[in-house]
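Each chain carries a letter (A, B, C and D) given by its place in the written order, and its residues are counted from 1.
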Amino acid sequence: MQHTYRLVVACPDRVGIVARVSQFVAEYKGWLIEASYHSDPQTGWFFMRNEIRADSLLISLREFRAAFADIASDYQMEWSLRDSTKRKRVVILASLASHCLADILYRWHSDDLYCDIPCVIANHENLRSMVEWYDIPFYCIPVGKERKAEAYTKMLALIQQHDADCVVLARYMQIIPSMILDAFSNNIINIHHSFLPSFIGANPYQKAYDRGVKLVGATCHYATEKLDKGPIIEQDVARVDHRHSRDDMVRLGKDVEKMVLARGLRYHLEDRVIVHDNKTVILG
Amino acid sequence: MQHTYRLVVACPDRVGIVARVSQFVAEYKGWLIEASYHSDPQTGWFFMRNEIRADSLLISLREFRAAFADIASDYQMEWSLRDSTKRKRVVILASLASHCLADILYRWHSDDLYCDIPCVIANHENLRSMVEWYDIPFYCIPVGKERKAEAYTKMLALIQQHDADCVVLARYMQIIPSMILDAFSNNIINIHHSFLPSFIGANPYQKAYDRGVKLVGATCHYATEKLDKGPIIEQDVARVDHRHSRDDMVRLGKDVEKMVLARGLRYHLEDRVIVHDNKTVILG
Amino acid sequence: MQHTYRLVVACPDRVGIVARVSQFVAEYKGWLIEASYHSDPQTGWFFMRNEIRADSLLISLREFRAAFADIASDYQMEWSLRDSTKRKRVVILASLASHCLADILYRWHSDDLYCDIPCVIANHENLRSMVEWYDIPFYCIPVGKERKAEAYTKMLALIQQHDADCVVLARYMQIIPSMILDAFSNNIINIHHSFLPSFIGANPYQKAYDRGVKLVGATCHYATEKLDKGPIIEQDVARVDHRHSRDDMVRLGKDVEKMVLARGLRYHLEDRVIVHDNKTVILG
Amino acid sequence: MQHTYRLVVACPDRVGIVARVSQFVAEYKGWLIEASYHSDPQTGWFFMRNEIRADSLLISLREFRAAFADIASDYQMEWSLRDSTKRKRVVILASLASHCLADILYRWHSDDLYCDIPCVIANHENLRSMVEWYDIPFYCIPVGKERKAEAYTKMLALIQQHDADCVVLARYMQIIPSMILDAFSNNIINIHHSFLPSFIGANPYQKAYDRGVKLVGATCHYATEKLDKGPIIEQDVARVDHRHSRDDMVRLGKDVEKMVLARGLRYHLEDRVIVHDNKTVILG
C-alpha cells in the first residue's frame, strides 16, 4: 500500500478551486497519484479528493494541515486530510446473524480491508468463538426491553474506550439511539437487507416475497435518526423468481448484503465518501 | 419457429397431476419439447407448462381441448391450450415518449417478437410517422380532463375492433379505467419506470434522484385497479452515481425499461406467465 | 430441508418418456415437488430431474431403484436416484489462497451448503488453523517437482479413505493427474479465475490486465484431462476499468470466484447438473 | 446541453501537471464543471480530462489553443481541445444485420447521442429504407472477392467527402483495409459479438454455443490491423443456459451488442477515451 495523504474537500463551487488547491500541493512538490472532482449543478457545491504521495511532499502532514487552513477558510471548505497508512479503527456491532461479520473479519484478516478492528460488540453470545479466533476482543451487551439506556451507555463507553473512528452495524438489527448516532455522525455504517427505499423496517425479505419482486437487494447507508433514510453509500441486487421461498431470498440476499457492505465500508475507509444533503458523493 | 401446442395449467396440488397429464399427451403420441412444473408449498398450488410438437399429435387442437376437459375438471384446473403459430394480437398504447414503442416495433419487425400489432393508439400525434413506417395503423385519442369516459369508450371499442388479445402500455402514463382493465384482465402489460415497490406513481426518476439511490430500475407488471401494485413479470436495474443528473437517470432508465418490457412481453406471448395471488409464475 | 428422492435421467429423446416416468412415480403415490425437463434438439437427447417427497412414496428407495431399472433399460437411460438427506461427502483441495476455501467452509458451517466435508488437503500448511477451527481434519501433502506420482497416490488414497463423493479444487492450482480424474469423473469441481475460454492456464489476471478487458470473470467447471476445457457449470463477471491494477483485479476477482464456485457446488450437491457432450444441463 | 470546452491530455507523469493546467484555466477564469485525472504507475503516464464552461472563459477556443501550446510542449503532452457543441461526424458502415444500426439511429434521432450522421454505407441494399426514413443518405458499396481495393477506395473517398470524424462498424463484418484504418486511427469503432479475447474471428455465437458458456458477451473496441485485438472500450455480458440454442444466443447477444456499442460510442463522442499502449483510459 502506497503511503499517501488524502485531501478531501467540499465547498460552494466557484472558479479556481482546483487551481488554488493543486498549486498549493505543487508548491510543496506534492505528486498527485489520484484526483477526482465533482461539481454539482443542482446544489452549487464542489467536491474534491486528492491523493498525494507522502514521500514527494516537502512538508509534514501537520504543516500541510496548518498551511492549508487559510485556503480552506477562503473557500469555506469542509475538509479533511488523512494519512493513508493510519488505519481507521472500526468497531463492529452484531447480533445473531454471522454473515456480514464473518465477511468483514475475513477480508480484514486477508488484508483486503485496511483498518483495525479493536473489538466486536454483540447482543448475543453465539459469535464469540468466531471473533476470538481472529484475536479480536468480543463483548456481549444484551439489549432487553428494559434498561435499554443503560445498555447503550455502556456500549458507547466501550466504543469510545476502543478509540473507534467508525462503527459498522453488521446486521445489528436494533435502532441505534441518538446518543451514539451523535457521537459518530456520518461514521455509522448500516447494511439494510432490501433495496431501499423498498421495504423499510422489519422483515424486508418477507415483504419482498409477498410482493413477488424479481430482484432482492441490499443497501449500505449511514445510519441517521430516521430509520433506513440515511445517505446511501452502495446498493446491489440479485435475481429471484417464483421458485424461491422466503428462505431462499434470505440466503441469496446474504451474499448481496456482504458484498454491498464490504464495498461501502471500503469506500469509507479510503476516504472516498462525502455526505451532502443526505446523499453521498463517492470519489473514485 | 417450431409448431407446437402449449398446455398451461394451474390447479390445487396433489399426487399424480404430471402423470395424468403426460399420460394423456403420450396416449395421442404427443412429443414434449419443453415442460416445466412448479409446486408452491406456500399456496398449495401446482403450475405446469407443456410444449408439444404439433406434428406428433394424433388429434387436432380442438379434439385435444375437448378430450382434456375431463381431466381439467377432475383436477379443478385453470388451463389454456394454444397453438404457437397463432400470433397474439397486441395493441400498443403510447404517449409522447417513443423508446418503449420504438423498441417493440423494431423487435416485432425483426421477427424477434412473435405477435401481430394490429394498431397503435396514442394520446398525441408525434409518433405517427414512426408507426406508419411499419405499416401499422396509428390512432390518436387525446385524453383530456374532460370527456375522459368518452375517450376511453372509444379506445376500448378500437381495441376490440382490432381483435386484441392483449394490450401493452408502452409508457402510456395514464391510469387505465376499470372498463378496459376488466375487458383484458391479466392481459394488460405495463412498464413502470422504477424498481417497484420503490417510487410508486409519478416522477419516479426525480424521486430516485432525490433519494440518492445507486441503482435505477424498471418493472414490467400486469395493470390492475391498484396503481403500480399488479403482479410483477420482470424487473431490472442499472447503476447510477452522484455524477448522474435526473436527466441522466431518465436516459439510463430508458434502456432498462425497454429491456424489461421486451422480456416481460416475450414471456407473455410465449404463454409462460401464470398469475396467482397477485404474483407471477414464469415457466421457463 | 424437505426429505425427497431425486430422480435424474438422461436418455435419447422420444415420445412418452415423461408419461412413463411420471406414471411410475404416481403409481407409488409419489408427490412431485419439483420437476424440470429439457429436450435438446441439437443432440436428440432428453434430460429430466424429478424431486419426489419421500413421505409420499409407498416404496423404499431401494425398491424404487429396483422397480425403475426396467424403465431405465427400455429407454437406455443414464440415471441416478438419490436421497436428499444423504449428504454428499466433499473433499476440498487447497493451496495457499484461502478465499474459496474460507467461503465454502463458512457456507457449510452456516448450513447454506448441504454436505459433509470429511477433510481438507492442501499442499501448504498455512490454512491449517482456519480449517481446524471448523473441526475438519487438515492434511498437508506437498507436491514438489519430484515424486509427484507418489504424492498423488497418497492423496487419492486419502480421498478414498474419507469416502468422498466429490472433490472441490478450491484454487488448488495444480494439474490433477488422470489417476484422480478417472476415479472421480464428473465429480471434480474446479474454479478457474477467468471467464473461460479467455485466459486459459496460468496468470489469467495478468493476462486480463495486459489485454485491457473491462470485465474480469471466473468459471466453475468439471476438471477433465484437457486443462480448463471441461464442462462449464457456472460463470460470472465483475466490472473493472483503467484505474484497477492487476492486484485490484485479483481482489475483485476473488469475490467472483467464491460466488461462482459456491453456486456451481450447490447445483452439484442438489443433483441438478447433468454432463453431456462436454456441456452441462442444469435443471433448476 | 451545456456549452463547454473539453481539454484532454496524456503525458509522462511528473509533479505539478494538474497545478500548471488548472492554473492556466483559472487565469482565464475557466470554470471546471468536470475533471478526472488518472495516473498510471505501470506506464508512468498521466491522463487528464477537464470540462470547462465556455461562457466562463475570457478567451476564445482558438486563443486557448494557442496559449496552451507552450504548456503542452513543456510537458510533452498529447492533447486535444474540443468544443462540446461541435457535433462529431460519424459515418456508419453496416451489412445485413440491422440491430446496431437501428439502435444508433434511434438514439441519435432521440438526441441521446450527440453527433451528426452524414451517411450510412452498407454492402447490401436491405437497410436503405430504414436509413432514409431518418433523412440520412444511404450508399451501397458491395464488396465482392474481386475488386476489393476499388470498393474500399470508393468507400474511403465517400467517408472523406462526408467529412467524417469517426467511423462506426455497426456489425459491418468485413476486415477493414489499412488504407482506411490509417486514415482514421483510433477513430474506427467496432462492435465484436463476443466477450474478447474469447471467440476471436467468425461465428462467435456458434463457438460460444459449442463451448457451453453460461454468459455471452460483446466488445466495443477500436479497430486496428490485428483482427479483434484493438483497444477495448466497453464490454458486457448476458446470461444464457442449456435451454438456449445458438439462435437464442444470437438474439440475446444482439441486445448486449447494441448497449455496448452505444455506451462505447458515447464515451468516444464525449472525448472520454484516451488510447495508450493498446488499452483505453475512460475518464468519467
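Convention: contacts are C-beta pairs under 8 Å (C-beta built on N, C-alpha and C of every residue); 3 or more make two chains touch, one makes a residue touch a chain.
On a predicted model such as this, the values are computed, not experimentally measured, just so you know.
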Would you mind checking the shortest number of contact hops between chain B and chain C?
1
What chain is the most remote from chain A, judged by the mean position of CA atoms in each chain?
B
Looking at A-C and A-B, which one has the bigger number of contacting C-beta pairs?
A-B
Same-site or different-site touching of chain B by its copy chain D, using the half cut
same
Cα-centroid distance, chain A relative to chain B, in whole angstrom
41
Chain A to chain C: how many Å between their CA centres?
36
Show the residues in chain A shared as contacts by 2 or more other chains, in ascending order.
34, 38, 41, 243, 284
Residue ranges of chain D touching chain C (in the complex, touch as defined):
38, 40-42, 195-199, 211-215, 217, 231-237, 241-243, 245, 278-282
Across the complex, what residues on chain A touch chain D?
14-20, 22-23, 25-27, 29-39, 41, 56, 284
Once bound in the complex, which stretches of chain C touch chain A?
34, 98-99, 102, 106, 110, 112, 133, 243, 251, 254-255, 259, 284
